[in-house]
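Some structures are shown below for you to check.
Next come two complexes built around chain A: one with chain B, the other with chain C.
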Partner chain A sequence: MKMWTAATALLSHWRRRPLQLGTLLSGLALATALWTGVQAINAEARASYSRAAAVLDQNGLANLVSPNGSPIPQSAFVRLRRAGWNVSPVLEGDYRFGVTRLKVIGIEPLTMPAQTNTVDLGIGGDLLSFITPPGMLVVSPATAEKLRGQTDLALRISDRMLDGAAFIDIGMAQRLLRREGELSRIVIAENQRSGLEPLEKVVPTLSVREPNAETDVEHLTESFHLNLTAFGFLAFAVGLFIVYSTIGLAFEQRRPTFRTLRCLGVSLRALAVLLLAELVFFALSAGAVGVAIGYLVASLLLPGVAATLEGLYGASVPGTLSLRPEWWISGFAIAVAGTLVSSAQSMLRLTRVPLLAAAQPQTWGRSWQAGRRFQVLAAAVLLALSGTLLLWAEGLAAGFAILGCLLLGASLLLPTVLSGFFTVMQRTSSCALVRWFWADARQQLPGLSLALMALLLALAANVGVGTMVSSFRLTFVGWLDQRLAAELYVAARNEGEADRLRTWLATKVDSLLPISSVDAEIRGQPMQIFGVVDDPTYRKHWPLIIGMPDVWDRVASGQGVLVNEQFWRRDQLRIGDQLELAGDWRAAVVGVYSDYGNPKGQVIAGLNALTSRYPQVSRLRYGLRIQPDQVADLRSRLSDEFGLPPGNVVDQAALKEQSRRIFDRTFLVTGALNIFTLGVAALAMFSSLFTLSEMRLPQLAPVWALGVTRRDLALLEVLRTLVLWLATFIAALPLGLALAWVLLAVVNVEAFGWRLPMYIFPYEWIRLGLVALAAAVVSALIPLRRLTGLAPSELLKVFANER
Partner chain B sequence: MVIALRNVRKSYETAEGRLEVLRGVNLDLDQGDSVALTGESGSGKSTLLHLVAGLDRPDSGEIVIGGRDISKLNDRERAAYRRTEVGLVFQQFNLVPSLDVAANIAFHAKLAGRHDPPWENELVARLGIGTLLTRYPEQLSIGQQQRVAVGRTLAARPGLVLADEPTGNLDEANGDAVLELMLSLSKGTGSTLLLVTHSQRLADRLDRQLHLRSGKIE
Partner chain C sequence: MSVRSIAIAFAVTTMVSLSGSHAASEGFGDLGSPAEGFSVPRPGLLFRFPADHGPHPDFRIEWWYLTANLEAPDGTQYGAQWTLFRSALAPGEAREWSSPQLWMGHAAVTSSKDHFVSERMSRGGVGQAGVVAEPFSAWIDDWQMKGQAAPGADQLADLSLSATAEEFGYELRLSATGPLVPQGDNGYSLKSAKGQASYYYSQPFYAVTGSLSLPAGNVEVTGKAWLDREWSSQPLAEDQIGWDWFSLHLDTGEKLMGFRLRDEGEGYTSATWVTADGRPDPLPAAALKIVPVRTAKVAGRQIPVSWNVRIPSRGFDVTTQPLNDHAWMSTSVPYWEGPIVFDGSVSGRGYLEMTGY
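Right, the complex of A and B next:
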């Protein structure tokens, strides 16, 4: 009962200050929301990878694989079966059905272990149809929709199948992929007879890959999820600034209540327990709202993220969200942890301050000044660490560490820089009111520093990520112009049609550019080898980063190959290095080209060299060089002559537009998170200004009494807010550019394998500045309204002797 | 500055209802007068001072200062009146917290357009605050703050000095010293001084005394 009475006294503070309570809860809820939203997206994607690994890759079982990634001869499987091993062969590869590219997984249903779930994907009574010609594809409903009109194979639709993949009989897969006698891996069943000859003796060239190892997709998408997590954490940190400042003020304002309660016999321990209980209650309440908002945010963003993951990494993630315990529990946990961390200093002060110490809400925040030197020192250490990591460290984690140190160091430095700026302005001003303006702005800094730091982080993130995305877009569009040089792209539905197409087109186009590729393993990595004809189009347009002087002659002669940037960087290749492409095919690296949006390595060789090593290579697709004004005519004639569906004849403009759309969709999630972070920072600013407005009277009343009108004071208050925003915005520009540079030159290179040039976009800064300005005006509005509405009697209370 | 108050009334809304603080005050002060306004707590002394300072408006009546009724002025005109004609010293919260002592002293004079560094230096010397010029208000004792407030007020050479319990937070010796300074400096500048005080001892040192009881001057 006694505790409840004390709790009632403590909680009465919030009843009298509902807006302060609202600020605290909304800050916490927003911080939790963005964190939870990002976690929900990550959890959904990872669950999807696991499901894909379990269903498509039989990831729950051990596999025999070739250590260097080269194909496994089918004879190895035969030897294993003869030795009594319960194993099953798998062949995987990408295959293009018309315009639809699928991951084809060839399996042998009779030997596939039951626990893999694979053969239970609805084949059931159709087993015979599955293993006998013409064969059958087991696909998801969405994939079946895409395949309509693109293949003559029978389709079996399974709801449990994943999009973008198809199961097929292994014999059919070998024929489709033109890899007769080859296997990708051999699945080892769990139940094996005892006394078998050891695997290393039966198949000494193969190694065992343990179950549940990290999949390729998981590895590839790691950087993307790390990016999202970093953004979520940034938003969370910005939100925590609000929580920290609100709790700090509330503790200071309630100090008289604490003192009274202590005097009335409530022990320090009981008081601390009550305050902790209050904080945890708030954290859980706001956390629940945050988790709900996070779910909403994740639901809105997931389709875009799914598109990004598919576009960038070929990873299939459903566009719908499940309520997974791992992310909502983590949402509540981080809300509570964040609240406790934010209130730790206030709680500590509660235990240390003498019982009868007076409350000092007006000097709240000034304790920061005492630690200012330490703050500057910490900033210097962090910035130095960032520079050191940039020079000496490698890897994605190091890239994010550089970013973290840079952002934190710069934000810690901001209040000192602003303080110095205001001091200089004050000293150089001659007008009394202007001098007071700058002096007062400097005096507000302790109370606003956290909000300004949050704002700096949000603005710098916006500038940095915006610059990165826009630089990427500009480069990408330029690259598309180079890469998509052909005016029209056409895809035949089968080889017979392709033959007729070639003959028919020979007299109608300036150049016919076959687009032929094979999947191969080079240096142990899955890779594509493209074959190109010797044509001026490539010599003129292909986006080479570096290359030998006679690079295209060497490619045409088959002596040299081009590699994409990601392969070049990942394997630290040099011009002149020899690559083993297939069997006895060795060629020198003669050039490197940029290849954005492709997670895999890629090699370009002369078409003759490719077809001589891979005679079975598909020759279904072609780029056509014609006069631009002939595109529409040729397109309709192709349709009339061959009956090709619209998707099989695509003009350059449509393809570019589609690529740009995919690009923009890819960065939709980044843009959304940017806006959310800025919104949280605006709330932090509003909360701080609102908090300060409660303590401004003793600072404003003397100036008013000396003859400055309330209207002028209000205008000066708005101007001060705008100056603080503007100064922070200006500080955010170099920081944002530094952030963009690290993203482009360090993080992107580590994450994707390509380095992009950096461009400056001042127009975007102006737009961001205007958004920030609007947010500044909004954040100053309520405190301003409060000031202009003040009756003189309220101001006079400051001076009253008998209050 | 000549001051004339005619039938001035002022009331406030309180939790208990409307409270009539001033009930028809009449008052005349001549140029250079130093007048003590005394009375019980709640008698309306501070309210009267605030009305004369143009910080608040009366419900009715006239407050004629230097020949014009300041109760008829709008917000901007009253601000200009405070800036150029009045000097104010309160018991506390006199100083601008963000400015150091030197800037505080010059602040009002600059606002009034009467910035006079030699005069300010003389005031600083006479007030004995020469060593405090770079300090901020929060780094000063109450007595030091009051000296700075007096300095700031007189630096602007106002025609009317209004002081509300300026020595209320000071001990007797410091209070006497501050009052002595105010008297001698306001006499020196020819200012009219209206001082609100509880202390009869202080009131005795001024030219005239007025006693306020139940909202009326006796």
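Right, the complex of A and C next:
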């Protein structure tokens, strides 16, 4: 009963201050929401990667591969089986069914190890139609939809199949891909009998590729998810600032209640338990709201994320979200943990403060001075660390560490910088009121510093990420103009049609540029080799980063090849390096071109050099150079003459538009997260100002008593808020630019393999500044209304009471 | 893509003769008709060796089926089985993966306490499994039955046989002490009163030496073995649900092959008496009488493991006992197959196969 009375006494505080309760709960819920949303997106993506792994990589079994990337003769598989090895052959390749390009995975169902039961072919009939001509494709529902009317093969739909991939019998795969008698790899089952002849004796030319703990896709997308997680964490940290300041205030304000309760015989222990229970209750209820909002945010963002992952990495992630325990439990956990951490200081103070001591909020200020020295020291260490990492460390993790140290160091430095600035301003002014204004601003810093740091982080992240995205877009669009030089792109449906198309087009276009490629493994990485003809289009337009002066002559003659930027950077290639392309084909690197949006390495060789090594290379696609005014005419003639479906004839403008759309969709998520983070920062600012306004009466009352009207006081308050905001915003600009630079020159290079030039967009800053200003003004308004509406008697009470 | 579904598919197309009734009912629809381009056995054909040791891809099913009764120096009895099944999805052979031929291997070792089983599957056309008539070789993965006879000689007269699985393995050498024996009407073996038939010949005269490798260690063994060669396209009639098949080495040196195809009524029995010097004497239909003596619960079903086998016209009347009641072949198409001993008017050893229980 006594506990219950005490609890109601404690809780009555919130009834009297609903706004404070609202701030606390919404801060916590928002922070949890962003965190949960990001986690949900990550969990969904990871789940789809493991599905991809199951389909594409046989669930982490070891494989025998050819070290130089040349095809494996089928006889190696038979030799292994005859030696008793439990192995199964796989042939993979890309194949176009009409306009739909699929990753075709040829498997042998009788020997495929049992743990790769990705798709159950079902009983009897299906297995037989799978291995019997004309054959069957096992595809996802979405892929089946795309394939309708594009193939004569029977389709079997499986929900466990990955979009854009198809299982097919190995024999059919060899015929489709024109690679008869060839394998890409040989899967090694886990259960093998003992006493087998060692693999290196049975197949000396092959090497074992151990299963990767993470798949290629996981590796490639790691940076993206790290990015999202960083954003989620940033938002959560900003959210915690709110919780910290609100809880601090609530404890401070309830001190008289605590005192009374203790005097009435409630033990410190009971009091602590009650407060803790209250906090956990708040955390759980706000956490529930947060998880719900997080789910909403994630399901709004997921289609964009799916598009990004598809566009950037070719990773297929469904656009719908499922409720996975790993993220909603983590959402609750972090809400509770965050609440406890941010209330730890207040709880600790509760146990330390003597029973009858009066509250002295002003003493905070003094102890803060000491803390600030420590902050400056920490900031210096972090910034130095960031610089050191920049100079000497490598890798994506180092890139993010540089970012982290930079942001944290700079934000720790902020209060000191602001305090210094206010001190200087105070010293240079002569008017007493102005001096008070600056001194008071400085006096407010301890209470506001966390909110200001949060604001700095959010603003800097906005400036940095905005600069990065805009720079990327500008570069990308310019690059597209160069790269997509042909006016019309056309794809034949089969080789026979391609032959007729070539003959027919020969007299109708200025030049015909075949787009032929093969999949190969170069330096142990899967990549594509493209073949190009010698044409002025390439000489004039192709976006080379560096190259020998006669680079196109060398490519045309077959002596040299071009590599894309990501391959060049990743493998630290130099011009003149010899590449082993396939079998005995070796060629020198003669140039490097930029290739944005492609996760993998790529090589461009002369078409003749390519076709002499890969006679079976597909010759279905062509770029056509014609006068721009003839595009529409040729288009319609192509569809009249050959009956090509619209998807097989694409003009340059449409292709560019499509690429741009993918690009914009890609960064939609980043933009959305940016706005959310800013929103949380604004809330933090609001809650801090709100908190302060409650405590500021003792500071304002004397000034009021000296004759400054409440209206002027309110005006000064607004002015002070604006000054604080402006100072933080100005500090955020260089920090944001530094952030953008690290993103473009360090993180992007590590994550994607390309380095982008940095462009500056001051108009975007102005827009951001206005948004932040609005947030600052709104956050100042409510506390201000309280101040102007304050009865003089309240101000007078300051002199009458201690509090 | 589970092994099980593959196996069931295999069963549906091929293993009807070995399979349970549900698979049979699915499969008979196909197998009942001689159509679909498969050849059908006709009476009056003479075997041509060595060619007929090899595969007959125009027929739907075929097997190379070896069973051995073995004994360790201390008198411990063992049984060993090695079987290669061929099953055609369509008649004929084609190159590489286009081959419509499927292959399945079964290997087993039976002792009075244990019964080890292993199974292999393969597509035809690429060399993972197959049979070559001369020099004779039948294989699936690393399991192999290989002719050791000189070119021109009877390719099945001298064989090496090996199979290795995770738990067990064996290496045996088989030497024939008698000739090949055609079953039924000079190799044309009727399977029902309605005329379903197969081509069928045996080599029942192998003397065996070799070793078994078992979890407890290697065991040197000697004994007798029996090879059955059979191919057909429609071996069972529609109402037949399984069979009980005996291959008996009589202590007199004579051999007896007998089977009963079970149906709703009396069933269809057939037997061939083989003299010690290898002359076959096909017995008229219904000359063989078999009656279960004892059943045992094996793999959740009642199986007649002990039989009374009689041929009244020859005064033959014996009772068989299994070496191990639980000689259950837990392969994708399960059946009972194990060594037996018999006593009565004459004693001896042999093998019993029962399907469709």
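To be clear about the criterion, the second predicted complex is superposed on the first by the 707 of 803 C-alpha atoms of A that agree within 3 Å, B and C clash if a C-alpha of one lies under 4 Å from a C-alpha of the other, contacts with A are read in each partner's own complex, and residues count from 1 in each chain.
As a working rule, a contact is a pair of C-beta atoms (placed from the backbone, for glycine too) under 8 Å apart; a residue touches a chain by one contact, two chains touch by 3 or more.
Please read all numbers here as calculations on a predicted model, not as lab measurements.
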Check whether A:Arg81 is in contact with chain B, with chain C, with both or with neither, and answer first, second, both or neither. second
Give one of first, second, both or neither to describe whether A:Ala439 is in contact with chain B, with chain C, with both, or with none. first
Looking at A:Leu128 after the superposition, I want to know if it touches chain B, chain C, both of them or none. Which is it: first, second, both, neither? second
A:Ala189 in the overlay: touching chain B, chain C, both, or neither? Say first, second, both or neither. neither
Does the superposition put A:Pro792 against chain B (first), chain C (second), both, or neither? first
Who does A:Ile170 touch here: chain B (first), chain C (second), both, or neither? second
According to the stated criteria, A:Val590 is in contact with first (chain B), second (chain C), both, or neither; which is it? neither
Would you sort A:Ala520 into first (chain B), second (chain C), both or neither based on which partner it touches? neither
If touched residues of chain A are counted for chain B and for chain C, the larger one: C
Pick one for A:Arg710: touches chain B only (first), chain C only (second), both, or neither. first
In the complex, go through chain B and note every residue touching chain A. 12, 41-42, 46, 50, 53, 55-57, 75-76, 79-84, 88, 90-99, 103, 106-108, 110-112, 115, 138, 164-165, 168
What residues on chain A touch chain C, complex-wise? 74-75, 77-78, 81-84, 107-112, 114, 116-128, 131-133, 167, 169-172, 174, 180-181, 191, 193-195
Touching chain B in the complex: which residues of chain A? 363, 431-433, 435-436, 439-440, 442-443, 698-699, 701-712, 792-793, 795-796, 798-802
Per the contact definition, I'd like the list of chain C residues that touch chain A in the complex. 1-3, 5-6, 8-9, 12-13, 26, 89-90, 96-98, 100, 102, 121-123, 126-128, 139, 141-142, 164-166, 169
